[in-house]
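Below are structures written as structure tokens.
In the two complexes below, chain A is the common chain; its partner is chain B in one and chain C in the other.
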Partner chain A sequence: MSQKSFVWFCLLPLAVVTTAFFLLPMARLVVAGAEGPHGLAGYLAILTEGRYRATLINTVLLAAATTVVTLIVATIAGMFLQRHRFPGRAVLIAMLTFPLAFPGVVVGFMIILLAGRQGLIGDLSNRIFGEKFVFAYSIYGLFLGYLYFSIPRVILTIMAAVQKLDIGLEEAARSLGASPWAVQRDVVLPALAPAFVASGAIAFATAMGAFGTAFTLATNIDVLPMLIYTEFTLAANFATSAALSVGLGLITWLILALARTFSGSAVAAAG
Partner chain B sequence: MSTAGHGAAVRIESCGKTFADGTRALDPATLDIARGETLVLLGPSGCGKTTMLRIIAGLELPDTGGKVLFDGKDMTLVPIERRNVGMVFQSYALFPNMTVADNIAYGLKIRGVARDERAARVAELVTLTNITGLENRRIDQLSGGQRQRVALARAVAIRPGILLLDEPLTALDAALRDRLRGELNRLLRALGITTIYVTHDQAEAMELGDRIVVMRKGAIAQIGTPREVYFAPKDRFVAEFIGAANIIEAPIENGAMILPGGRLPIDGGATIANATVMIRPETIRVADAGAGQLSGTVDSVSFIGDRQRIVVSGASGKPLNVDASNTIQAKVGDRVGLSIAADAVRLLPSEP
Partner chain C sequence: MRDRLIFTGQLIFTLLVAAFLVVPAGLSISAGVTVNYFRGIQSGVTLQWVAQVWDLYAGTILLSFVIAFATLAVTLLAGVPAAYALHTRGGPLARIVEEIITLPLAIPGLAIALALLLAYGSFGGFRRSWLFILVGHVIFTMPFMVRSVMAVFATVDVKTLDEGAASLGASPWRRFCDVIVPNALPGILAGALMVVTLSLGEFNLTWMLHTPLTKTLPIGLADSYASMRLEVASAYTLIFFVMIIPLLVAMQLLADRDHKR
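Let's turn to the complex of A and B:
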């Protein structure tokens, strides 16, 4: 057996698995999306049909907001945790990364415990203002849940990037007269840009597709994964749910590609 | 050059540094650096030279009681961004997200200098540092030598009162280092800024320094001009760290050292039972057998080009290194005489 055919031979299992569990279902999904009463136009319905379009915009906005806020929180926390040593630091990092292990349902459950009808915040506000603040079942509760499980996905990447930062760069900027704010703006944030893009992409994609949390909380709001679920199981509308699934994937991919292109120059320069 | 005359005088007063984990990096030291002077902090790694530089820069705070003064003004608690110091780092620390020109102009931009004036200053500096034409390059497109020049241009662009250089040539290969050393020397003389230069390379220290501070284990071992530390080292450490040195331990009787290869007269020698002296290899002359004060046998001959290093055994307790002219014919096993002027033998304090 030649070297070349040996390599092909080794790749065979991968090819089989990819075909069986990735390409074929994907192709089937794409075909299914066009098998509704409107044919290929079923895909267009994602954008033309009011309810679908609103859900799509809702989902994208929620995922984008989650990504931005997660990046801000995780950058500040990650930079602090990487640069400082204090008692309890390891425990804190463990706690911050803990949600990685939780299924979305658990995250939703925790949000209900915090901001639900019997939740902690409601209790407190009832005592103080005589009114129960309940936002677990709204888009704010969902946002909080997404934030909760997005932070660990981002913070570890940021911490690794901060560790690789050359302290000399910050010292050089300071020696040239830069204030702490200017150092962050001109030196630190540009150097972290690749980490922002990489971890932000993961946070965004996860938020776009998150189902468990939404399923637990979302009685008043529609996000795309919930919509797919209801169309699929309750309405048995296979074509629409397939079209929505393909749409969800494509739109997520498209937005990430755009983000990468726009930040590409900054990333290349900082690389 | 318009930057000339901008230098500040520096004084550090009993500045020591103990790190949070209890490591003593620097014993309390006092040091005066004159306006426009180039002072070199020289020593092996871990000797405290970088710590001293960082205290002057404002990147480290000295232990309580230590003071840093610029032109008599107490700067101890002033942060680096308000000390007006130019700094060149060993890693150069150039901003990878900016072009060469933006790097050089960064300090001016922070100071709110207008665009035209910045451009003029950048043009002036790229000429001065020989990097004309690279203004729009990204940093990762530059060679090591070019990066070094950009770092220097960036540091002097702000017309600093003090220029601080932390091993600026260490990251370069030997040939380039030699060339840039000369270039740097001319530039520092032209600028006339007070310069503090940290290095572990004694050749750099010799060429660049008006004065050299030799450091060892967090303390100043000797301060002096290059000639002083070379010809009159205070102790064995300085003698061996600066240049090559033969260190000989033997008794001195009536102004002459008693060695296996003969009696070696020395300057101002009384009688010392256990003396330590230093003799530079280039101050020893190879003579015919029987001539000179000492005699010995040639152990090895290394032809280096501009000179040859001859090792002679039997003259003193251990083999003597001799730097001889490259025309001398000496073979391994030859009996030779060695002639050493009395003032070339430097008596060192014996080590405790």
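Let's turn to the complex of A and C:
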């Protein structure tokens, strides 16, 4: 076998698997989205029909809030951990990154243990204020779950970016009389911008499409993945759920692609 | 003085974030071995919940391992040669292929699962077997294997090694087995750990693809969260932690070793 045909031969198994079980099904999904009673207009329902539009806005707001808060929290913690050496630092980093491998369902359960009916927060608030705070099964619980999911990922990216910063620039700014706050604002944060975009896009796309956490917390939280799920399984509304998931897939893919062109690094969502 | 204050403030903040992540996991572990969580750990320590989980859900744990290793086998057989082909061929075609196989990371698992259901849901035998879940896991984890191996090819000068072996008369197949694979080993190992970890914890796709007879561990977890008492759900989560933590530690050790070289 010649070298050239061997290379093609090497590519063959992957090509077969990807075509049969990804490209063809995705094509089928796109076609199915237009097979409803409204045909191609089914694709516009996500924007024109009030109920779907409200869910879309809800999901985008939740994902945006998750992204902003995660970035703030992860930047403060990540910068601190990368810039200081102290006993117990390695343990602290391990604690902050070990939830990386938790699937969404487990994250949902963590939130139930924190803010559920038998949760820690309810228990504490009951002792202090005589009232049980239970919010795990609402959109606030979901928000907390997405924070739990995103913080470890974003902290890792921020720490790697802080490590690459040129400390000489900060010293130069300080020697020119800039206050510590001005150094952060004008030197450090702009240099971290690509890391913010890359990790923020992942957090946003993940929060848009994540299903496990919402599924564990409640079936009636009004977010896009739950809507797709109920349309498909309970209403057996295949065309609508296909159109909605194509729309959702397009949104998350677009955000990640945009972030990649801006930050120049590989960006992918996690599940 | 001022620096001291800022340091302390940041430390407290970071500790609080760590507590947010670790405290619920700790609660879950302790609840899994507590006789009665409502009365607290004073009620006694027991393994009865772990035993009960094993009675109820041993099948899901077993099936998860079967699917994880089958996924690993397929991603190895299809992914490693493909990474080699994509690296040596290069050019726009290789970039497009890489882009396509990476798409499942950008598209929510729910959408991919719906696509698979619409395309293959009517093939009853296939739909009802665990192979249906396997297919979803392969699509989802393949990019991690391919990219992890390609990352090694980018640092080791495989091309020169390959050409050297070719000039000595080694056949392409021989070169792949004796030159390419040994050199790609660190990437293959890192990719393999990632594939197994992701497959064991995959829920978004699996929930849509499973049947009552093909439940994996995360499906069982969701089931126990919805219908079992808190102690049983916690014990099940504890079993999941015990399975997943060695994989995470191995991944970290591997990354550290690569870092030092």
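Assume the second predicted complex is superposed on the first by the 231 of 271 C-alpha atoms of A that agree within 3 Å, B and C clash if a C-alpha of one lies under 4 Å from a C-alpha of the other, contacts with A are read in each partner's own complex, and residues count from 1 in each chain.
Basically, contacts are C-beta pairs under 8 Å (C-beta built on N, C-alpha and C of every residue); 3 or more make two chains touch, one makes a residue touch a chain.
Please read these numbers as outputs of a predicted model, since none were measured by experiment.
J.: Report for A:57: first if it touches chain B alone, second if chain C alone, otherwise both or neither.
T.: Neither chain B nor chain C is touched by A:57.
J.: So, does A:178 touch the first partner chain B, the second partner chain C, both, or neither?
T.: first
J.: Identify the partner contact of A:44: answer first if only chain B is touched, second if only chain C is, both if each is, neither if none is.
T.: neither
J.: Contact-wise, after the overlay, does A:249 reach chain B, chain C, both or neither (first, second, both, neither)?
T.: second
J.: Comparing chain C with chain B, which touches more residues belonging to chain A?
T.: Ranking chain B and chain C by residues of chain A touched puts C first.
J.: For A:169 in the superposed arrangement: first (chain B), second (chain C), both or neither?
T.: In the superposition, A:169 contacts chain B only.
J.: Take the contacts of chain A with chain B and those with chain C, and give the residues found in both.
T.: In chain A, positions 266, 269-271 sit in both the chain B and chain C interfaces.
J.: Over in the complex, which chain C residues touch chain A? Could you list them?
T.: Against chain A, chain C makes touches at 6-7, 10-11, 13-15, 17-18, 20-25, 27-28, 31, 37-38, 74, 77-79, 81-82, 84-86, 88-89, 97, 100-112, 114-116, 118-120, 135-136, 138-140, 142-143, 146-147, 166, 171-173, 176, 197, 201-204, 207-208, 218, 221-222, 225-226, 230, 233-234, 237, 240, 244-245, 247-248.
J.: Sort out for me which residues of chain A touch chain C in the complex.
T.: The contact residues of chain A facing chain C are 1-3, 6-11, 13-15, 17-18, 21-26, 28-29, 32, 73, 76-77, 79-81, 84, 86, 92, 95-96, 98-106, 108-114, 118, 120, 147-148, 151-152, 180, 205, 208-212, 215-216, 225, 228-229, 232, 238, 241-242, 245-246, 248-249, 252-253, 256-257, 266, 268-271.
J.: Which stretch or stretches of chain A touch chain B in the complex?
T.: Touch list, chain A to chain B: 166, 168-169, 171-179, 182, 186-187, 190-191, 193, 266, 269-271.
J.: Could you list, by residue number, the parts of chain B that touch chain A in their complex?
T.: Residues in contact with chain A: 57, 59, 79-87, 89-91, 93-98, 106-107, 110-111, 138, 140, 154-155, 158, 164.
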